[in-house]
Structures are given as C-alpha cells and as structure tokens.
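First the structure, which I've put down as structure tokens, then a few questions once you've had a look.
Order of writing sets the chain letters: A, B, C and D. Residues in each chain are counted from 1.
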Amino acid sequence: MIVILKQGVRTEKRDQLIEWLKSQGLGIHISEGQYQTVLGLIGDTTNLDMDLIASLGIVDSVKRVTEPFKCSGRKFHPDDTIVTVGDVKVGGGDFCMIAGPCSVESEEQIVAIAKAVKASGANMLRGGAFKPRTSPYDFQGLQATGLELLKIARQETGLPIVTEVMGVNQIPLFEDVDVIQIGARNMQNYDLLREVGKLKKPVLLKRGLANTLKELLMSAEYIMAGGNEQVILCERGIRTFDDYTRNTLDLAVVPMLHELTHLPVIVDPSHATGIARLVPPMALSAAACGADGLIIEVHNDPLHAKCDGAQSLRPEEYDTLARKVFAVRKAAQA
Amino acid sequence: MIVILKQGVRTEKRDQLIEWLKSQGLGIHISEGQYQTVLGLIGDTTNLDMDLIASLGIVDSVKRVTEPFKCSGRKFHPDDTIVTVGDVKVGGGDFCMIAGPCSVESEEQIVAIAKAVKASGANMLRGGAFKPRTSPYDFQGLQATGLELLKIARQETGLPIVTEVMGVNQIPLFEDVDVIQIGARNMQNYDLLREVGKLKKPVLLKRGLANTLKELLMSAEYIMAGGNEQVILCERGIRTFDDYTRNTLDLAVVPMLHELTHLPVIVDPSHATGIARLVPPMALSAAACGADGLIIEVHNDPLHAKCDGAQSLRPEEYDTLARKVFAVRKAAQA
Amino acid sequence: MIVILKQGVRTEKRDQLIEWLKSQGLGIHISEGQYQTVLGLIGDTTNLDMDLIASLGIVDSVKRVTEPFKCSGRKFHPDDTIVTVGDVKVGGGDFCMIAGPCSVESEEQIVAIAKAVKASGANMLRGGAFKPRTSPYDFQGLQATGLELLKIARQETGLPIVTEVMGVNQIPLFEDVDVIQIGARNMQNYDLLREVGKLKKPVLLKRGLANTLKELLMSAEYIMAGGNEQVILCERGIRTFDDYTRNTLDLAVVPMLHELTHLPVIVDPSHATGIARLVPPMALSAAACGADGLIIEVHNDPLHAKCDGAQSLRPEEYDTLARKVFAVRKAAQA
Amino acid sequence: MIVILKQGVRTEKRDQLIEWLKSQGLGIHISEGQYQTVLGLIGDTTNLDMDLIASLGIVDSVKRVTEPFKCSGRKFHPDDTIVTVGDVKVGGGDFCMIAGPCSVESEEQIVAIAKAVKASGANMLRGGAFKPRTSPYDFQGLQATGLELLKIARQETGLPIVTEVMGVNQIPLFEDVDVIQIGARNMQNYDLLREVGKLKKPVLLKRGLANTLKELLMSAEYIMAGGNEQVILCERGIRTFDDYTRNTLDLAVVPMLHELTHLPVIVDPSHATGIARLVPPMALSAAACGADGLIIEVHNDPLHAKCDGAQSLRPEEYDTLARKVFAVRKAAQA
C-alpha cells in the first residue's frame, strides 16, 4: 500500500502516522519528492482500512498495490480455468451456447424448446424455476416442479441444465442441477454466495446492475474462498441513464475480465437489452469480442410466455442466429 | 392500461390484437386520433405482460395507468404511517435520530457510544453484528455475540436497537431486536423480504445503489404483502459517474417518496458520502427537505474502528450536529 | 398527444382543462376507462409544453405520440441515407474505415500514418487540428497549420479528410475539409450545429457522453433543419459508474438507431475505451452488430504522441484489425 | 507524479522506462517495496501524458500528486473569492438569491416578476434571452430584444441581471449584462470559455450533466487562465439512472467544492428537479449545506410560460420559500 501525504505536512504529524503504521506491524519506506512525501508500506496490509487512512487530515490519497483477488485473479493463476459441465467445456477456447425460456411453464414447453435449441447447436439448457420478480404480485415460477421438468428435458435431450437459486433454503433442491445460477440482484447476497461456495458444482455468477468489475470478482472470491473454483462470470447489462433498452450491455468487460481473471466470461444479450430484435446483433458482438459463451432466451410462443416474452427469440430465429455466431467467432479469431 | 398503436396499422392486424386482448377477459375502448389509435383496456390487467405487448410490431407503446403499489401507495392509504418502536415514533411528523457504530466491537465500545449519542438526542441505537463486506477477507462482524452486546447497550440506555439481517437463517437470532434492517445489497433479495414480511417487527429497508423508486416501493410491497406494514424506507446514496464521494445522495427522493407512499423516509448520510466531514452538511440538508429521520455512524475511536472509520463522526461532532439538525428542521417547517 | 387524468378527478376541473386545450386549437377525444380518463389531443401539438401539462394537479401523465424527428426520423424517410465523400459512400450497405492520429503533429507524421492506414484498407483519414482538451494547459493542436498538413496528406494518398471544428469562427478554415466533425462535448452547442447546417458538406456528429438517442437525433435535426442532410452519427461511449474504461461503449445503439433514423451510424472504439488493447475487440463487436463504419486512432509512435497515445493502435496492429473487421462483417451478414 | 510498476518487472524494462523519463527532464526517486517498485517523478510533469504511461505493459498505475487547478484551486488561494456584482457579494459568507423566469417574454412579464422577486428578497434577476433548446423547433428566446427587456427590468428594480450566452458571436450584445451565464451544455465549449475569460465580468458557470468536479474546475481554469477570475460555480443536477426527476441534484458537491476551490458555489434546484413542487425542499437543502446562493425560476403565469413552466414557482410560492431559506441558513450556521 502506498500513502501519499499532503504538501507541507508538519514533521511531527508525519512521524506520528509512521509510528502508528509501524505499530500495525508494517515496514515503512519513505520517499521524499519535491512536492510530496510518499510512504511505501511493506508487509501484510490486508487488514488495514484504506478509507480510514485516506480520511486523515495529512493524507492526500492512498493506493492499494497488491491485488485482493487471491483466488480469481489472473496473477496467481495464469492459465484459463475451464469449467466442465458433463461433456461441455466453458472457457479456455471452448464456447458454450446456453439457451431456453425465461421460465419453465410445462413439460411440453420445456422439452420442445430444449429439442429445438439443441438442434440449432445449443449445448446447455436454461430455464427458470424460481423467478426473481420486481413485484410480489407477478408469477414467481413453478419452483420445485419447474426443477423436475428441467430434469425431464435433460433426459430427453442430454443437455445439462442451468437454473437460478434465490435463497439458501432452496439449495438442497438443486442437488441434481448441473449449473447453479446466481442472479444479478443476488450478486452481493453474501450469505448465498458462501453457501454455493461449499458445493462441488459450477456456478454461473451474473454481474449486478451497478457493480464494478472489482465487486464482481470479489463476489467470485466469496464462492472460491469456500473451495468451489468452478465459477462462470456473466455480463448482462448495467444500469445507466440510457432508456431505450432495459440495460446497457457493457461488452468491453469481456476482454478486460480476460486480463484480470482466469475464469470464463459469458454474455446474456436477452436481459441486457430486453428487446428480442436487439438480441441477435448483440449476440454477434459478444462473439466477436471473445466471450466464452452466450446465454439466450428462446421461447416457442413468446406471446403467451409467463415472463419476458418481449426479449425471447423464437426457435427459428435462434437457429439463424446460432449459425452466424459460430461464423463470426471464427472470423474474429482467424 | 393504454396501448398506443403505430401509424398506418392495417385494420386486420389491429382487430387481431383486439380479439386477443378480449380473450384475456378485458374490455377495450377504442379511440381513433388523427395520427394514431389508442386502445383503453378495461378490467384487471395485473397479469398482462406490458413489455410483451410493447414489443409487438403494430404497437408504438404501452402505458400502465393503475399503480402497482397496493399496500405502500399513498393512493389507497392517504394518511402517513407511523412506525412505533418502543416510545419512539417514526413518520407522521415525528423525527428519529438513529446513531451508532458501523459494527459492534465490544461491550465497552457499544455501551459508551450508546450513552454518548443518547445524551446528544439520539433515540435509537444502530450497530452492525452481521456485516456485508465486499471482500470475503474483511471483518464480517461479531455476529450472534454482537447482537448480545447490542441488547446490553439497550439495557444500559433504554435505546431501541436497529441492526442488519443478511439471510433468512439468521432471522431467529433477531427475535429480540427492535428494528430489523435490510441493507442496500439485499433490497431485491426477495427470499429475505418475504421472510421479514411474516414478522411483527419494524423493518428498515434501504434503497439499493441502482434502484428506482418504483423498485424500492415494490420491495416494500414484498414485505407488506406478507402482513408486516411497519416499513421505514431509507435513502443512502446511488451509484453514478461521480467519484468524489462513495455514492451520490439523492435527496429529492424524500419529498417525492412522501407523495408516492405513506411510509416514513429517513436518510443515511454516512454511507451515502463515505467521508465523515461531509456527513454534517448532508444531514442538515436531509433535515431541511423533510426527512423523517437520520441514521448516522458514530464511533468513539474512528482510527481503530473495524470498519468504515472514514465515515464515522466522533461523539462530540455528533453532538454539535444533532443540535443543528433540530434547529434546521424547525426553521424549515416554520 | 395523450393526456391521462388522475383517478377521481372532479368533472369541473376536467372540463376546465378540456376548454383550455380547445382554446389552443386542438380537438379532444375523450375516453373514459374504468379507472381513468384519457384525453386524445387532435391537431398540431408541437407547441404544447408537455412537461407543463404533466405538472398539473389533475394529470397523471402525458405521452407524445407523433415523433419530433421530422428530418432525421425513419418514418418519413424510409430509405437509408448514403453520405458520399469523394468516392467513399457511408451508409446503405457501404462500410467506411476512418483512421488516423488523435492530433496532427507534423507533415512526416500525418503523411506516414495516412499511407499506412490506406494500405490497410482505410478509406478516410482522421486527424485533429483543433483539439478540445479538458485542461487549458494541455496541447491544443496545431490549428490552421494542422489543417494544411491534413490536406498534404490527402494529396499524397487520395484519402478524404475528417477533422473537428470547435467554434463558429473556425468554420471558414474548414472550407476545403471533406467531413467536419462535431465532437461529443459540442453535441448540444446549438450555435455551432446551426452553422454547420448551412454548409454543403458532410458532418460527423458524435454522441455526447450523457446524451440520449432522442437528444442525438434532435441535434441532427438542428443540422438538417438548416438544409444540410449529410449527417453521419457516431457512438463513442457514454459516462457510467464503470471505471475500468474511459467510457462505456453502448453498442446496442447501432441497431436501435438504424430503426429510428435513416442516417448512417459509425463507432469510435478508441475514445470509448481509452485503452489501445481494447480497441480491436470493440471494433470487431461494432462490425458484428451492423455499424456503417469505424473511426479508429492510429499513431506510428504512440509513446511520443502529443495526446491520447494510450488509445492509439500502431499501424501494424491496425492492419491486423482491419483484416478481421472485414471478415467479421461478412460473417455477420451471411 | 508517482508511477507504480507491476510485480516481477524485468530490470532491463524498468531501466528503459527510467531512462525515458529522465530524457523528459525529470528526476526519478526509486522506492523498492516488498511487492512493487514505485517511481517518484520530480520536476515539471504537466506535459507528461499520464494515460500513456499508465498504458505501458510494465506499469500498474500512475497517480498525479500535484493538483492541476492553478487558478481555481484552494491550495494556492486559501481565502474565499468574493464575486461582486453591483452591491451584491457572492461567496465569503454572503448569500445571493437569483430569481426570474426561464425566458424573457415581454416587458410586462419581466418587470412584474423582477418587482415581485425583489420584494421577496431576491438580489439578482435571471431571465433567458438566448435559449438552448433540445429541439430546433422549440421557442429559441427573444434574443437581442430579450436582453433589452432585461435592462428595462434592471432599471425598474435595481437588480443586476444574469443571462445566458450561447456563442462567441453573441458576446458583444452582452456588454451591459451584469453576470454572463455559461449553460450546462456549454460547460466544455472551450472556444466560448476562452472568450468569456477575456472579459472583465462575472461568469456563472453551470456544471454539465455528466461532468466531474475536476472537469468543472478545469473549465473554470479556461476562464481564469484568460485573466477573468470572477467565476461563480453552479450545481444544477447530474444525469443518472433515476427517472422521477429531470436530473439528480448532487448536493454533496457544495461542501466538497468548498474544500477544493475558493470560488463561490450556488445551486439551481429548478433545472435539477424540473418539477416546481420539489424546488422548495431542494432549495432548503441547498441552504442547509452551505451553498453561497440559489438560482430559482419564478414565473407569474406558469401555465402560459413559453418554456419550463413545469418547474417555475409562482411569486407567492417564492416569497414563502425565500423566508424559509434565510431561516434555514441561519439555523445551519448557528
């Protein structure tokens, strides 16, 4: 950690701070510049309150030098993590295509969609059983029944299933689910993160609407610190002043996260835009900039979908898109 | 609900939509303008997917007319709700002063601070036992022990206690807490909201960093729909491009929420700014615009606080501030 | 325009509003719903103050139905506008590749870069002569001399030149420039927009950092209303809470603007990200989602560039990128 | 400036960088920590491109230590600047109350409003003659005639006049105006800033919708570097995801700007909220946190105002508000 002192600080005040820092077990390296003094702190600063030091009257600013991402950081784990789900690999050059309806509605619906997206090249099936809805009066999902229907669809198609958990008490129901999703609203539900960190199961962690990359990686740390290193990150749009789409898809995070972390990064253009006709162009953009996969909403009857019909592609639209996604990805890598 | 059709829509397409809406049990009132046709939907539209209709090729836009805030809305409950906590009333003209440390650290600490803030005019004590921290490696609070220490401080001072719950499994430990706080990161943790909705206990619900007022009120609906109508709303800053404070305190929500809802609205200037010297001016601003109370971090030794020392006032600073808060409030109401 | 009244409005108040609206020369179509009354205003509402009506005590909300984009809107001009710059066409299926340094520094520099980017497939040359800099103490560009050097580079390569104008008094100097750029900070400098609207010359209009699509199109209206319909729109990133890049590139505007307007839309990944190594992935994303062109900073010696060296590609990096851009574009369209 | 190198950088690479920095005329102070090397740059770093150095492969990050605010910074000018406008003083403990209509419409209108607001305690008159409107089809102000009407109102009441300039060519018309306003959309119109920097006349500089405090101060530097040190800063709301008000009033800038700069800081609650009934509470909040004045829209007939009627107070509302503003300010200072 580096502490930059204000100009013209009295020696006495400066020495008091240095003594206090030393009393915390740190070595101090003093560098006197023309305009400022810089203190380099040597030793374990993880328990030092950076904001507190920054708030002292004689301190101009503080900068943490060592990265806090012990598990998720690229620095200590240079090779890409490859998350394995059955036969599917996510990360490290492999591309995953997750598709399915916003919510599971019936056996016919989920099986029909699963077959359709598989035929188009999808290799995982998504479908909501427990649904986080802004209003308590909206449809909340088929819950446990929904999970059973997903398993039937898996049996019929062989596609691994991805579905969202909303609370720690639901976790036992997810034992036979292939990938557990943590939704954007729960990205900092630390209680839940800690619990999925105890599982031996891939976790799809969505970025919160107003969370920085550092916060996303710290949430991944909550899971990984518990021993579960199979984390897939997902960009799904952030909240900005923009009002023409549901959220603003922030694609530059894809190459930036690939620098910062070894974890795979996928993109959800359906929730990011909220508008079905914007999903194909944004999916192609995601493929072009190096995402490790896509998660896309597909519904065979959007007009009667129980939720998010407005952002769902029809199976034939998904089929056309999937073909282009593979072509764009190939062209971008050539 | 009002559906505005695009210009030049074919009669046939228009009639298909009308038929479909009628099949959902709605009456349709058609209004032909010079440039557009407007459909007024009569009947219960709560289960209609507004986004879906808006996404149809022939529809220009859709507007919901009836408000979704059945419990929290001012419309159906014109009088202010007054939340009662022991002898303290929040809302309806009464002002609450909640103060205390970010986290409970020891019996001496919490009792000393409780006595000090009480002497300055505080009428409730805050203190974190379970702490939501961005990093899993940071101090997570004294947990159950912290709750016990809060009760001791209550016994010593008579101040009711306010503290944050982070997960449904912790709720039994909070039985003897006076006000349960839902933090900003959990504002849309619906699982948790539903559980505190079953309690007979005031809930302090903080606005999330990127949540609209509508979303805040819908989260209050989750609690109230369960039967618990004692909800206090709290503005604590939103996330914007601004980087000179931790968050941007959005004070216009205070009068705006007073229009939309009958629930009391308090302000947290400590978390909003993250900088102790900005807390007094922002606290005075909150008092001036009609807030129903303040929740402020006070620590007797900020330099050694286990968290958020940078934003904590010392007891003597709080004392000066409290005096001014009462004076400003009086001047603004005169 | 549609005016939705609040529930339970007194007939007398309602009638007063109707009379006032009629006195403005409008026909009124009244639609009584179960919960609300909707007034459909018939006639020319362009001079009606929508915000004012919305602020009346008896009004719930107001919605404008007719679009304000008389010149730029797709509605009245369904075919794509193709802006022609010498032999280069922008829009309508043609793709433009604008490249060059942030600022013109010397004849050797600009000619060398122009030759290099032309060899890589660029068909226009960019280069700043007048530079908008946040600080008055930073390098402000070579100004008139810079324009002359650009013309030399054009002569040497045949590439049309694109450069930014910062004030109305500079316009005479731009007579022989091929495309005049209005920078993001000047997107709502209406004085300047009006002046370039009088020219017979293509204008590259960059979206402001915090401007909505509606505002961008209204700024295009300022230019087009003056008689100059050769406007190219440019997305270059918006300001959000995100701090890992200079701005957040908002690519979903590309397909969305293509719906709203007939004007061509290009993307500037250099200013959007501010980081050279993020430029190639974002350029590919822009090509994948249907942008009509790219404007990219290229410098032959970024380490010694007078500004924005951090976001400039070297010629060899641009060459590799250009090849991929064409391939991705082809794959996305197939 | 401080340059922090990445961990494990090769000595050779490090030495190259150091040589290059030395070749720029800087002294280098090297500090080796346990985990990192920090270079302290000694000498004049104002022309060094910080972003460029930060983008080098071996550099972790760069921090500028010396402040770039040579004229506006508090550091070199500790005492408050007091801007004098006739008998009115702004800053340094004096409070200004600027009021008047959004736009000047007629002699009767502007004189009547001027008399009314003066009677309520206003000490300057605002009124737009040149209006920046989002749409070219909206009312653009009475222009030169409007300026003449303002002067008549000044003659009738003695109130100094404040009005907005939109372009350099208009400046000669403003010779007899007391305070020239630079609107939010022109905050980074450097061409215009430079021109008003040559005048001997107070300038009211509004913060742009998406501008940081640093950018606001740099725009003040453009004016001050030209020799005009009479700059009044104005907070008028920023653009955020929030949609219930026109903008988000960011009041914590008031105390923060008072730390950073010696210039006076006033607040415009009318444009910030866009809703007349939110203006009084926000005006009181501004007075409570130490603003040096308020600029408020007042209209004697908001229903027929040519612009922004929705956010204008009636004279009687302004009168009530003004009384409370003085009381709150007094209470906050006590």
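The criterion applied here is as follows: a residue touches a chain if its C-beta (ideal position, glycine included) is under 8 Å from a C-beta of that chain, and two chains touch if they have at least 3 such contacts.
Here the structure is a predicted model, which means the values were calculated and not measured.
Participant: Turning chain A onto chain C with a C-alpha fit: angle in degrees, nearest 5?
Facilitator: When the C-alpha atoms are superposed, chain A turns by 180 degrees onto chain C.
Participant: So, what's the distance in Å between the C-alpha centres of chain D and chain B?
Facilitator: From the centre of chain B to the centre of chain D is 31 Å.
Participant: For chain A and chain D, what's the span in angstrom between their mean Cα positions?
Facilitator: Roughly 38 Å separates the two chain centres.
Participant: If a residue has to touch 2 or more other chains to count, which residues of chain B qualify?
Facilitator: As it turns out, chain B has residues touching two or more other chains at 210, 239-241, 243.
Participant: Mapping chain-to-chain touches, which pattern fits: line, ring, star, complete or other?
Facilitator: Topology of touching chains reads as complete, every chain touching all others.
Participant: Help me check something: in the complex, which residues belonging to chain B touch chain D?
Facilitator: Residues 210, 212-213, 238, 240-245, 248-256, 272-273, 277-278, 281-282, 284-290, 324, 327-328, 330-332, 334.
Participant: Contact residues on chain C for chain D in the complex?
Facilitator: Contacts found on chain C: 20, 46-47, 49, 51-52, 54-55, 68, 70, 132-137, 139, 166-170, 185-186, 188-192, 194, 208-210, 214-215, 218, 221-222, 225, 239, 274-276, 302-303, 305, 307-311.
Participant: Where on chain D is chain A touching in the complex?
Facilitator: Chain D residues touching chain A: 2, 4, 7, 27, 29, 31-36, 38, 40-43, 60-61, 63, 65-66, 75, 210, 239-241, 243.
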